[in-house]
Each structure stands twice: as C-alpha cells, then as structure tokens.
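Should a chain be cited, it is by its letter among A, B, C and D, assigned in written order, with residues numbered from 1 in that chain.
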Amino acid sequence: MKIGRQEHRSSGLSTSNADTIIVRGKDLCGELLGKVGFTEYVWFLLTGTMPQPAQRKVLDATLVAIAEHGLVPSVQAARMTYAAAPEALQGAVAAGLLGCGSVILGAAESAGRLLADVVKRAGESDLKTAATAVVSEKRAVKQPIPGYGHPLHKGEDPRATRLFEVAAEAGLPDDHRRAAKQVEALLPELTGKQLVMNVSAAIPAVLLDAGFPVGALKGVPLLARTASLIAHLLEEQAKPIGFVLSHAAGKAIEYDGPVPPGFERGDS
Amino acid sequence: MKIGRQEHRSSGLSTSNADTIIVRGKDLCGELLGKVGFTEYVWFLLTGTMPQPAQRKVLDATLVAIAEHGLVPSVQAARMTYAAAPEALQGAVAAGLLGCGSVILGAAESAGRLLADVVKRAGESDLKTAATAVVSEKRAVKQPIPGYGHPLHKGEDPRATRLFEVAAEAGLPDDHRRAAKQVEALLPELTGKQLVMNVSAAIPAVLLDAGFPVGALKGVPLLARTASLIAHLLEEQAKPIGFVLSHAAGKAIEYDGPVPPGFERGDS
Amino acid sequence: MKIGRQEHRSSGLSTSNADTIIVRGKDLCGELLGKVGFTEYVWFLLTGTMPQPAQRKVLDATLVAIAEHGLVPSVQAARMTYAAAPEALQGAVAAGLLGCGSVILGAAESAGRLLADVVKRAGESDLKTAATAVVSEKRAVKQPIPGYGHPLHKGEDPRATRLFEVAAEAGLPDDHRRAAKQVEALLPELTGKQLVMNVSAAIPAVLLDAGFPVGALKGVPLLARTASLIAHLLEEQAKPIGFVLSHAAGKAIEYDGPVPPGFERGDS
Amino acid sequence: MKIGRQEHRSSGLSTSNADTIIVRGKDLCGELLGKVGFTEYVWFLLTGTMPQPAQRKVLDATLVAIAEHGLVPSVQAARMTYAAAPEALQGAVAAGLLGCGSVILGAAESAGRLLADVVKRAGESDLKTAATAVVSEKRAVKQPIPGYGHPLHKGEDPRATRLFEVAAEAGLPDDHRRAAKQVEALLPELTGKQLVMNVSAAIPAVLLDAGFPVGALKGVPLLARTASLIAHLLEEQAKPIGFVLSHAAGKAIEYDGPVPPGFERGDS
C-alpha cells in the first residue's frame, strides 16, 4: 500500500561494497576510523563536513552538559525496565529515551526554533523588538517559553552559564546567545516571572551560533542521554535499585477509589 | 508492592544542589564541561576515571566504526516510525535502538564475554587450547560463535582490520585481539566454515584490551547507532523515504493465505 | 529533584492486599475474572463503569476494524526488530507501537477532537455551520483535516461504512456520526478535494456516540494494533521475513552522495 | 545488504484491494467486523480459526487477570514517560511494555514452555516423574522455576486460583493445569522453598489446556497490559503523578560517590 506522496528515492549517508564502506563520500576505514574522534564524526554525519575546532568544542560541551543529572525520570524508567527485562539492554535504553520529550530535554529544539526566529527578525528591526514580538506571540496563544526556569537551579543554571563561557572562549559569533539573554531579560516584564535561562536554551544558543542544523537539535540530548543511560544500566547490573525506586514511588501514592465492604488496605 | 530482594539504596553517578552538579565526584561545570570531550566523558561516566589517551582513542575508533552502515534494518525501522509519528523524534530513535539486539549489533557483548573467557583460560593453559575449548563448548550446546561472519564483507570486515591497527598504534596490550585472531583461525576446523572476524568481535577485542568494562560493551553500538539514527532522521526531515521503504518492502512479500470466492488480488 | 507542580498524590485504578486485588472498586477475582470479557474490562478500566451492550459492541467493532491491515510500516518495523532482537518480543511490539503516531493511526484522537468540536458548536448554531467553521479554521492555519482520505481505499473505506452500520444497529445516538458525514460532504467545496472518511474518523465517530472518553481514543488503535503485532511476530517465528523486508526496502533507495575515486558501487 | 538466510517470501495474515480487506481468508468488513468480539478476533488472528466458547472464555479470563495490578514498575515508567513527553501517548505505552520482560510478566512464556515439557514427558512416564525431572534439570543449571512465588500474594495468588476455576467451568482438559499443580507440590522438596503458583504459571496452564499457541503466550500479558497502560495514561491526563512518582523514588536513593571539598548536599 502506498502511503503518502513521498518523492525521494535516495539517501546520501552511506553506501558500501564488499571491501569499502563509504560515509558521506569518505572511506570509513581509510579516512575516518582512527583519525577522527566520535564528536567530529557526529558533526560530519549530520552535516557532511568536518567541524572546525570551535564547532567540535561546542558540540562536545553540550553533550557533556546534558548527559547526566542523576536519577531523573528517564533514568528511573530505564532502571526499572532493566530490572524487569534484563535480557534486553536496548529496551531499557529505549524506555529511557522515550522520556526525552517536549517537557524534559526535548525543549532544546523548541527553544532553538524560538531563538532562530528572534535572530531572524532582529535582522529586520533590533534584538529587543524581535525578542519582545516572539515572546509576546507565544504568550498570546498561551504557549510556554521553552528553555527558561528550572525546578532545582533557580538562581542560575550553572550549565547554561558555563556553556556560554565555552562558546565565547571558542570564539564563536554570539547572535543566538545574545537572543537567549535578551529573552531572559524580557521575561519578568512579559510573563511576570523571574525565569532563568536553563540548559535547554543554552544548548541551542551555542550550537546555532556554531552553525549546527536546527533539525538535529533534539538529537543532542538524545545522544548525550544514551551515554548516561548506559552508565546507569552498568551500575544497575552491579547495584540494582530498579525495584527499590518503584517501591518507594508506589508508596507515595494513595488509592483514592472505592473498595468493596470488608476490604482491608494493605501494602499494595 | 516489594518486588525482588534488592539490597542497594544508593547510586554513585551524580548528585547536585542548587548551585553545583557533581558527576562521579567531579564538579560538572567547574571541572568537566568545556575541558573534556564527549568520548572522554563517556569513559568517565562508565568507569569513574578519566581515560588514558590510548583508551580514548580506541573508544573513539569503535564508536566511529559502528555508527553508520547505510539503510540497515534498525535505520529503516526508525525512518518508517518517524514518517508515521513525526511528533516524536525520540520514538523513532527508540524504535531504531530496539533493533540492536542479539542478532545484530548486540553480538559485541556476547563476543566480548567469549574473548574474555578465552583470555582467562589461556592463563591456565595456552591460547590455542583455551580458544579450542571455549569454541567447542559453544558448538556442543549448538550456540553460534558471536562476532564471526558477515553477509556483505566476506573477505574481511575492513572495520575489524582497521580497529586492530588503531589499537596497535595506540600501544595497547593485545591479549583479547590475539584471542580473537586465534578463534578466527580455529573456526574452519571446528565449524567447517571460513568465517571472518567481523566488527562485533573486533570492538570488544580492542575495548577489552583497553580495560573497558565488559558489562558496558553492548552500550557502545547503542551509543554509536544513536548518532547515526539522528543523522538519518535529520535526512528524513528533508528527503522523506520512510513510506517508500515500506512500500518496496511490502511488495516483496506475497499473501499466502486463502481468499474468499471472487476476491481479486490488488496492490495490498 | 522536584519537576513540575503536580498536585495529585493518588490513583483510582487499583489497590490490593495479600488476598485481594481491587480494580476500580471491584474485587478482581471475585467479581470480574471469568465474568466479564476483555472488551468490557477495557471499558471498565477506562471509565469505572461497565459498558452497556451497545457500548461494548461498538468498542469491539472498532478494535476489530483497526487491528490488522497487512504489512503496514509499523508491522514491518516490528518484524525487522524481532529478526534482529529475538530475545525481546516486548521490544518488537514496542517498536511497532512507536509507529502509531500523528500520521498513521494516531489520527483517531485528532479526528475525535474535531468531531467533538463540531458537535459542541452545532448546539449553538446548526451542524453545517458548525462543521464549516471548524474545517475552515483548520484550513486557515494550514492544518490537515484528520480522518479523511486513504491511500488505498479511494471510493470509500469499507471499515468506516461498516462501523457506521454497527453503531446504527446497536441503537446508539448519532451526533458524532452525523458530524463526520457533514465534514465529508463539505470537503470538496472547502478543500477542493474529494476525500472520503476513513477508519480514523469513523472510529472516534462511533466511540464518541457511545460515550467513550476522548482522551482514550488514541488508545484504541494502540490496543488493537498490539494484537496484530503479536500475530505477526508469531508468524515471524515460523516464517521469518524481517530481513527480507529490509533487503527489498534497501534496494529501492539509491545512494546519492559522493564517492571517493575508484569506488565501485555494489549491493550495499 | 542481505542479512541472514531467510527463505520465506510470504505472509498469511492479510491482503486487500481497494474495496475489500481480507484477514486470514475472511472478509474483514463482511464477515468479522460487528460479528465477532475482540477476544475472538485475537484468537483468530493468532491461529486462523475462530475460538470455541471455552477457548474464548479462557483467553478473556487471562487478559482480565493480568491487565491491571496498580502502580507496578512498567506503569510507573509509562506515567513518568508521559509526563515528560505528552506529545506521544504511543511512546509512553511502549516504555511500559518494554518492562514486560523475563523477570516480570514475561515469565508466562517460559513457564508455559516448562509446563509443555512436563506434559510431554509425562506421556512417556508419569506426571510426578516428569515434573521432578524438568524441575531438577532447571535447578542443576541454576535456572529459576518461572511462575512460582509472588512478592505480595504469599498464601496463594488469587488470580491463579480463579483462573483454574474458570478453566474447569469451561470444561477444558487439564493436562497443563495438573502439571502446574504437580510442580508446585514438588517445589518445597526440590528447592527448599514454599513457592505458590502465581498468575504467570496459571496463564500458560489454562491457555495451553485450551490449545493456545505457545509462541504467543508472551503476547497475552503484553496485550492485557496495553489496556491497563492506556487506562493509567488517561488518568495521568486528569491527575498527573508521573513526576511525583519520580520525586519519591529519587528520595529513596542516596548518592554514595565522592564529592569535591566544600560541596553541601542538597535535595538532588
């Protein structure tokens, strides 16, 4: 059955014959393997060109920034899944990645699109006017401003601060970083709340300043988090806590439905 | 409800307060972010110590080796999933990772355990005796020898060859590499088949020679493949082929069940 | 770390002690198991009340309608995943479900919300005015009209026709079915295209007429498709085609990137 | 690239043309939709024949038995995932299903294979001899006996007891139920532990007595659990607790790694 009207019949990522594997035009074994680091290779896979040192440095920094932050929900989901299904490490990693969505981690892409929009409009007016317009339009349709506010890091998100330093040290242009700062400065007036820029706005700010493709922004937390999930699942093999997490979580929730006469509540 | 008899109540990966995020004892923003690359950070997350240059080099090489090999089944599953559910990039990545199982990619871990077993037993006898014993035991219970043979690369898997070179250039000990070669040499006699070492044996060989934890071996293809999946899904945004793949696949399969009288077969 | 401002601390679905499991107020073993069918139980789990016969009949019909339609993309993804990772049936089912998204199958919920909107507004004007307004607003913001058009069933989607008959036979009110028909009648004029109602509009039409909760609409295709995925994976155990599907799909796609000098294209 | 040596090129589940959808030889809209319930259809999808009333009754009973048991780990994983990624209900369901593995729920299949083995060998000796042999062999290779013991229901698993009653009421043969009881009777002597038969042994016992295919046993908890996950996710929409669960779980775990000098532990 034909679904959709897809017109393309080609892919430009890889081809191979019995002796040689080509990735984006280069011989994987002859030109890449052992010669480029994984971060450079990721950039190359996504864009088709090798990163400049400043680009690699910033991609490295964002991946390091977002990989690990303790027993966050996606890590808990992965550890519970692994405890229940130890035959499939890939399933536990997948369960963890499924929690990298619009509310958590996925904000990197929506924040990036917002910043790109601010930068684009600033070219036609000025940064403050552009940022005010973009934020106001979001507010008018009751959409949140992605990338600002954090449940724990209220003063500032130390990862955001540090990412901006790294981008500056690397000598990158700062259009998107300035846009991100401008949005932060406007939020108290436009939303009535003091919301600090968090890592989900800082990541797209520095990556877009480096020329990273906006459509791959959501991939950065996914890639970083995969590393962290593997580390947690390695720890889970040695010190399993998946069911301990679940037991503690379950005890925090009361049953609020009816019970038949005579039923005695126990440890459900 | 208490499931299992888990005794642990702790995790050693990360903690934080409002200002500082600690990862395995280091201050994420002060000591790591902007100072270490992602590959080094992955090694650190998994082991708690920073890699030596040779260790980082080999981990980089394995990640580069295994990330991308064209429209393999897991990539196809991810692209079809993304075409059907573009609202959730994480779901398409997860669908792709779920196909990194015991038959494809997951062999890295089972091959690693086999090589580690050979190396351990070689300490008590010699390499050939140890490899013969390990392979023969597998054959006796009709288990396959993971990491040997490839559908396309029949002469040699160029990635395996190159990974061994990289490990040698990096100056790593070669216990597991020699074990892998020994197994390859024995296979024609013990299995009746000429099966070349593929990338799924080469990856654990070089990583175990570098001191990488065996329980995290399966994580290497998962992490590498995540990068490739993101690159494919970025391409899918611009040049969608998910439904084209599915249409072509469907046409290769006949319906072999009964049909009611009068039913005319069409393009199902 | 506290994420979000969730105020609830309770759940009303189930509690238990060592002897008794309560589900929504009933004793699972004493009042439900062996006494109610699975479809009735699904309705009860979702709503807290047992379905009337007409409600059960329509839920059964929608589940039967949407479960199986051959080697659709999600089934292919599941079969490829199972071929690569046979150790985890649950992973293959999960990979299949991940392809039940906004473009395929997931349209049931968005179509349901559209129909509910039409019915609500019709109370304030009349059906045609309401449907015209709802469709026009979607068109104005360039959103598609979910639940209309089908790649294969162009004359009519036979499942949609039959579902409407079943709902009529069951004696259900027809507010949402009439809304669905009204939208279909308006589409040629409002969109310039003759798009027939497909099963993704018919399912919410009959279910909402039966009082099914709109927030669970997307669950109906997911539940139905799970059954079909299990049937396909059972067949895959006996007659594996996962890699055949992938091979055929891969051959439909050309590599369109550069190659190094001297590279000879083969069967990638 | 050709992977594996798959010989099949056909599937017997479904075909269609523009007017008609055939499922296992029957016209979906003319012969099935509105005429058979979902449970019957599931049996038909899996086996190609419509179930006898006793078969349908037992399949219904097992699906009802296993669908819902409160905030078990897979439900928690799904609710956390949905809270973080509300754009993809299918992702939250998939995350929940990924936790239906060898330790939890997945035991139905391994228990079924054990019971089928006992029944087969009993034909060559007697039930007690066969069960003793099968259990002893498992013990000899230090494998657990799947389907016995429960963290909460220690006296008896009320679902197991009730399923056996339902199967008896339905008039099914009792070979596998007797095998399950025989294994239970032998466990104190053979394992030194009083382990009661739980629902994961009772489900395959009654289903195999009904002629259900052993390769689809694991699908029963997956299908049943999908219904429960959808009910929990519908509740999560109205009364979100996903992050509450995660917060409580996180508080149960201490960080046991080093910290830099001066770091003050907070609420991580």
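Here is the rule we use: a residue touches a chain if its C-beta (ideal position, glycine included) is under 8 Å from a C-beta of that chain, and two chains touch if they have at least 3 such contacts.
What you see is a predicted model; the values in this text were computed from it and never measured.
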The chain pair with the larger count of contacting C-beta pairs, comparing C-D against A-D, is C-D
Between chain C and chain D, tell me the centre distance in angstrom, where each centre is the average of that chain's C-alpha atoms.
22
The distance between the C-alpha centres of chain A and chain D, rounded to whole Å, is 34
Contacts with two or more other chains, residues of chain A listed in rising order
1-4, 9-18, 20, 69-73, 83, 85, 87-88, 90-91, 94-95, 98-101, 103-104, 106, 152, 241-244, 246-247, 250, 252-253, 255, 267-268
Which word fits the touch map of the chains here: line, ring, star, complete or other?
complete
Once bound in the complex, which stretches of chain D touch chain B?
1-4, 9-18, 20, 22, 24-27, 31, 48, 69-70, 72-73, 85, 87-88, 90-91, 94, 103-104, 151-152, 252-260, 263-268
Touching residues of chain B toward chain A in the complex: what are they?
1-4, 6, 8-16, 18-21, 23, 28-29, 32-34, 36-39, 41-42, 45-46, 57, 59-61, 63-65, 67-71, 83, 88-91, 93-95, 97-101, 106, 109, 152-155, 158-159, 161-163, 165-166, 169, 213, 215-216, 218-219, 222-224, 226-228, 230-235, 237-244, 246-247, 250, 267-268
Footprint of chain A on chain D - complex, ascending:
1, 16, 70-74, 76-77, 80-81, 83-88, 91-92, 94-95, 98-106, 152, 241-253, 255, 267-268
